[in-house]
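I'd like to ask some things about the structure below.
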Amino acid sequence: ACGSDDSSSGSSAAAQTGKVAAVIKGLDNPFFQTMESGIKQAASTGGTSVTIQAATAITDTSGQADKLSGLAGQDYKCFIINPITGTNLVQGLAQISAKNVPIVNIDSPVDADAAKSANAKIATYIGTDNTAAGELAGKQMSTILPGGGKVALIGGISGDVTSGARLDGFKKGIASNISIVQTVAADWDRQTALTKATDILTAQPDLKGFFVANDDMGLGVAKAISNAGKTGRIKVISVDGNKDAFEAVKTGDLSAVVAQFPYVIGSMGMEACEAAMQGKTLPQSVDAPVQVVTKDNVDKALSSAPKPGESYTDPFAELLK
Amino acid sequence: MTTTRTDTATPSAPTAQRARAGGLIRWVLDPANLADWAALVGLVVLVVVFQALNSSFLSAGNIQSMLVAAAILVVLAVGQTFVVATAGIDLSIASVMTLAAVVFGTVFASGAGLLVAALAALATGALVGLANGLVISKGRITDFIVTLGTLSAASGLALIIADGKPRTIISGPLLRLATGHVGIFGYSFLIALVIAVVAHVVLFHTRFGTYVLATGGNAEAASATGVPTARIKTAVYVIAGVLAGIASILLVARVGAAEPAANTAFLLNSVAAVVLGGVSLFGGRATIVGPVIGALLLTALVNGLTLLGVSQFYQPLSVGVVVVLAAFLTRFQK
Amino acid sequence: MSDTTAAPAVPLIHDVPADAILTVEDAAIAFGQVRALKGASMHARRGEVTAIVGDNGAGKSTLIRCISGVHAPDSGRITFDGHEVEFKTPHAARDAGIETVHQNLALVEDLTVWQNLFLNREIVRGVGPLRLLDRRAMRSRADEMVSSLAVNVPAVGSRVRRLSGGQRQAVSICRAAGFASKLIIMDEPTAALGVQETARVEELITRLKSEGHAILLISHNFAQVLRLSDAVWVMRAGRCVAGRRTAQTDGDEIVGLITGARAGDIPVEAA
Amino acid sequence: MTTTRTDTATPSAPTAQRARAGGLIRWVLDPANLADWAALVGLVVLVVVFQALNSSFLSAGNIQSMLVAAAILVVLAVGQTFVVATAGIDLSIASVMTLAAVVFGTVFASGAGLLVAALAALATGALVGLANGLVISKGRITDFIVTLGTLSAASGLALIIADGKPRTIISGPLLRLATGHVGIFGYSFLIALVIAVVAHVVLFHTRFGTYVLATGGNAEAASATGVPTARIKTAVYVIAGVLAGIASILLVARVGAAEPAANTAFLLNSVAAVVLGGVSLFGGRATIVGPVIGALLLTALVNGLTLLGVSQFYQPLSVGVVVVLAAFLTRFQK
Amino acid sequence: MSDTTAAPAVPLIHDVPADAILTVEDAAIAFGQVRALKGASMHARRGEVTAIVGDNGAGKSTLIRCISGVHAPDSGRITFDGHEVEFKTPHAARDAGIETVHQNLALVEDLTVWQNLFLNREIVRGVGPLRLLDRRAMRSRADEMVSSLAVNVPAVGSRVRRLSGGQRQAVSICRAAGFASKLIIMDEPTAALGVQETARVEELITRLKSEGHAILLISHNFAQVLRLSDAVWVMRAGRCVAGRRTAQTDGDEIVGLITGARAGDIPVEAA
């Protein structure tokens, strides 16, 4: 990042005239808070000013669209967006593209067909495929349950896209000796996850593991298991990569976490915007790092959080050099 | 005993004439009527403040996008007003919209035309509304719990029909509906406006409207006068359902997809718009203008806060405070 | 029948005239534990004022609510205008030609005076589904109707919530009188009225009678009952214990019948 | 004119005596009182059905976990009952719980003891409740809109204080609170039970309780009799706030963390429990037993559906249908 | 003062006695456009029944609502028991010793009869913060109170919603009479009552008077007013246009004053 200093002094002139707007998902989820701090961190390193707006809830599709349309009429030089669904932001994006302002899509992808039909141009996409993350979790489950067995799935709000993709990925990733006995929705809420996991433990006495669609709910499930005195005997894998979840991996409450590093997604998104405003050509799509964190590598993950413990490629940092 | 009007008849008769003659101004300033204007005053204050802080607030582009953003809420608030006027509440209005959207999406994806899909959405809303209305009026179950049940059931049905997945809808006419405009008025806002005007006429210039207000004001008295209160109660839920169906089409056009995850913010906002509009939740008194302005106020609030770049954590706080302040203006209400 | 203490007048109960517009036979109704009517029988004739008197809680209001379709009696028969009727709703009773001024007034407080007067009787313009209210016509008609009864005339555009006790009652009576019906029931219409207003209502009743309407009048005011009515029924504990032609009775007899000091015409105490 | 009681006094006096003598059975079967039992009947039916379908439903372990899971909702429903009894509604109850939880977590993490943190949570609830109450009773603003504003403001404050992040709370006493039990009764359920009993005594055996019901039944009449209705209105919101504070401690103990999560399900469920419990939203009539059973019913419903392995898409549908069916039992209500 | 048509009796208005328990001077109040009181003055003496009569909408109820703390008058002075008072709430008026039976009855429909009777007067047991209601004591006291007035005694445990019109009024009167006060205001207390009940209430009023209470009685029933009252005030269009000792007036004069056929003692028409 030090190499980018001189170019960013050049770009900071542009950056002063060019503010960046970011519209991300739900407010009360730590995943997006981490993403936000990633954006802010990168913005302050690059000397860019940024306005970050978020939907009031993870289901607030039209509210998020309203916020983007509000910002679209303003004089922003680049937009970072994390749409709740593939299509809900398309109209705002069309408005932005019409003014030839670059759009950086992070985390959840914009539906390609919809974008095309609305003439919305996405400069680059940075994120992890949630299906792929779920698949990794499935593979990991197969690894820690070599003998197979019954597992239960805890999703977010029923019908939520992210949750659906993670659960579908998990189903793809597991070996055939693992059977999914139940799928419940816990609304992205730790307390609900705890209650439902407790109920499932009663219903399925020989359950071997849980896959949980995010860390917060995963911690609730872990609590249910420890309340039942079965910590360690029932495996829990969740997706996200929050610090609390790493701690839980360390204590053994969680067996593994598929970490998506929202911090990195956010900061790469910001870097992409800076590069775009400098007129650089962006790669079409960049995979954000994904990592399976288990007891073996958790110390490293913890010490480097919110960034990944292992190195990853950041093409935008290269561009900004 | 005198049977002609004696001049002791002074206290109210001339007052009435004066009121008629003195006209609008005095009427508007009467504290009892101020409540009807609370939302408007709130909206004007808000607009002035936001414009002072950010000059692009009143730019044509932003006004247009605010109006379009408000359209769905306006339609829902009008539907909610009918229900609230009968002293009821429709908690299922947002879920019914979701269900209707999913039905719309499914029918459309199955290859049927746009019109068929739209009719299916309206029919869905009407049916759920009818179910609500019949259970409430015939079954004599509290509206709150019935529509809470429907809230849950309708979102469940939406999930089942959509198999939990959003369905992208790409259609030229829908796109035009979402983006087309006449001057600063987007098509979707114009639709909402027409609905509001029709609703106003129905509520204040037809028998049905009078019956709605009578049912809400005093159901016992109304039914002793021969007003078919059960049928009126059923009808308002059907109206709310149909309007939820119309809103669903606007929603699908806006977000470009039919999604089964319920948008709960619309529920509370629809009631908030109605209450900010000076309509009593105890029924019997209602306006259409009020809730429409209430909906605009809520939309302008979020838009303005976004334009000002108020940090995301401070937005809910600001919304809460402004809503209470706006409501302060309704304090003159009986 | 218990020992009849030589009643001076003819008991009406055994003498249902062929031309009675309304006949109630053995109507009974219970609200949970409370048997408000225990088999009440009475009748009323065309072109006459028939009064019902009785103690508080005797069941007078309940009886007329059964007649006007508010309650459906648990048992018993009601015959109106030659047909046996079973009104399911007040609407049905109204359609059949029964108009009622209820004791609890049955006004919608949040509607204006004229809206209340024309509730379910709205004047509309236009045709088909496009019939709109003729607000102006209703207002001016309402103004006339109210001025004919009230002394301190309330503005017809003001909400009923703001009226004084007597003003409300005037509105209520206006409504019933304004629309020609075969039978007009008034439950204590002058209870809250002042002297002048009472006089006007009494005039109104006399006029309605002379126009051939039948009127059923509940009142605690004996002078009024003796002045206005042609026949009078006495209710006690959910039954009509006696009926008399007003001309053949007097205040003392009626008071005796109400208090039970005088036995009625039916064996009420035996039940 | 007789001034002694004549025997014409038959219609109601002996009835009353009979009712007193005939006692409970007749009273229970009286349709007018059936509503009070609707939730109980619903609960029993539900338990029988679930037990028939899955024998582990009535296992000691499952009962214990249901009761613990119900504790928070019971506490909130009791608070909501006081507000609803005055014909109000507290939409902010769940957000206040969130805010109190975050305050609890922040104070606790700052090194203050458990007791101080708990007191801070209660004080937070009480303060927000006081603000609600004062604005509603003194400002004469509709409860719905005020508490809707507070709903938004409190969750915003919670986000700000917590900086949007959950805070893990590790504390021995809290862990015991969450997991300890006497027989099948978890500590947290026992706390909820004690609160319910106290609330029952307050509502039915103190002046204050009578004033609450009088205020809800007819505020004008109550205040003409000299009941300080404004103060009573304020008090019920404070009670709701304090109970939300207590609920927040149970919540933090249960999940082991203080989170700024929205908890909207608790809001609707708290009102649903109250209504299922036979309490009229129009105020004036209330019980405490009803809402407690209502809360148990809602908890048992979700528990049973999960035990039976009902698919996630079918769960909302089933919840909706069962809630309406349970409410059918309240149809006898006036 | 307009030309006084030789009034036979002494106008009370110019003769405020030193021992008046209540004096109202020039009370005025407006509700929006409606000036319900336009400067009303009157007074009442200890140990007497003071009647107020007047047309519907004349402002009688509004006047007594000002006295009992429901409304605060826009202007004017009220002196009670020797002190100028400004009751902010009904509670304050009650504490000062004014008990009111309102025309709209002011009962809480969903509470039982005994709860209504003892509202804000609850009997409690225990000490300090742990004072619990003595429900049994209140029930049995309530039973006594109601039986003394009503003929068809409602069960004191039943909700007021279920009572008949007269039964409610009886409950309302019981409440005011049951608790000794300096001034008892009754707004049309017998309007809905039957003969027997009316007689009992009149007895009650006479008894209260003989016990030294002052009573303010609003009634449209002249016979009753002449029978019970010691002084009578006539209201017209928001003013007390005349006051008379009852012994020195008669029905005809009062009717004339009410209708305006006879000019009052103050220049009302000039305003």
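By letter and in written order, the chains are A, B, C, D and E; residue numbering begins at 1 in each of them.
Heads up, the rule we're going with is that a contact is a pair of C-beta atoms (placed from the backbone, for glycine too) under 8 Å apart; a residue touches a chain by one contact, two chains touch by 3 or more.
Chain by chain, the UniProt names read as follows: B, D = Monosaccharide-transporting ATPase; C, E = ABC transporter related protein.
Given the structure is predicted, the values throughout are model-derived calculations rather than measurements.
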Target chain C, source chain A, minimum contact steps: 2
Chain located farthest away, centre of chain D as origin (C-alpha): C
Greatest separation from chain E - chain, by CA centre: A
Chain A-chain E separation of Cα centroids, rounded to whole Å: 73
Chain A and chain D: spacing of chain centres that average the CA atoms, whole Å: 37
Centre-of-Cα separation between chain E and chain B, whole angstrom: 46
Multi-partner residues of chain D (at least 2 other chains): 1-2, 6, 8, 11-12, 15, 19, 155, 159, 163-164, 312-313, 315-316
Shared interface positions of chain E, touching two or more other chains: 34, 55, 57, 104, 151-152, 154, 158, 195-196, 237, 255, 259
Sequence positions of chain A contacting 2 or more other chains: 27, 57, 158
Sites on chain B touched by chain C in the complex: 1-3, 5-6, 8-9, 11-13, 15-16, 19-20, 201, 204-207, 210-211, 213-214, 216-218, 220-228, 284-285, 334
Interface residues, chain A side, partner chain B - complex: 27, 36, 51-54, 56-57, 59-63, 65-67, 69-75, 85-88, 90-91, 94, 111, 113-114, 117-118, 157-161, 164
Residues of chain E that touch chain C when the two form their complex: 31, 34, 54-58, 61, 103-104, 150-152, 154, 158, 162-167, 169-170, 188, 191-198, 220, 222, 237, 255, 258-259
Complex contact set, residues of chain B against chain A: 56, 59, 61-62, 65-66, 68-69, 72, 155, 158-159, 162, 164-166, 168-170, 175, 178-179, 251, 254-257, 259-266, 299, 302-303, 306-307, 309, 311-313, 315-316
Touching residues on chain D, where the partner in the complex is chain B: 91, 135, 139-142, 144-146, 148-157, 159-160, 163-164, 264, 268, 271-272, 275-276, 280-282, 312-321, 323-324, 327-328, 330-331, 333
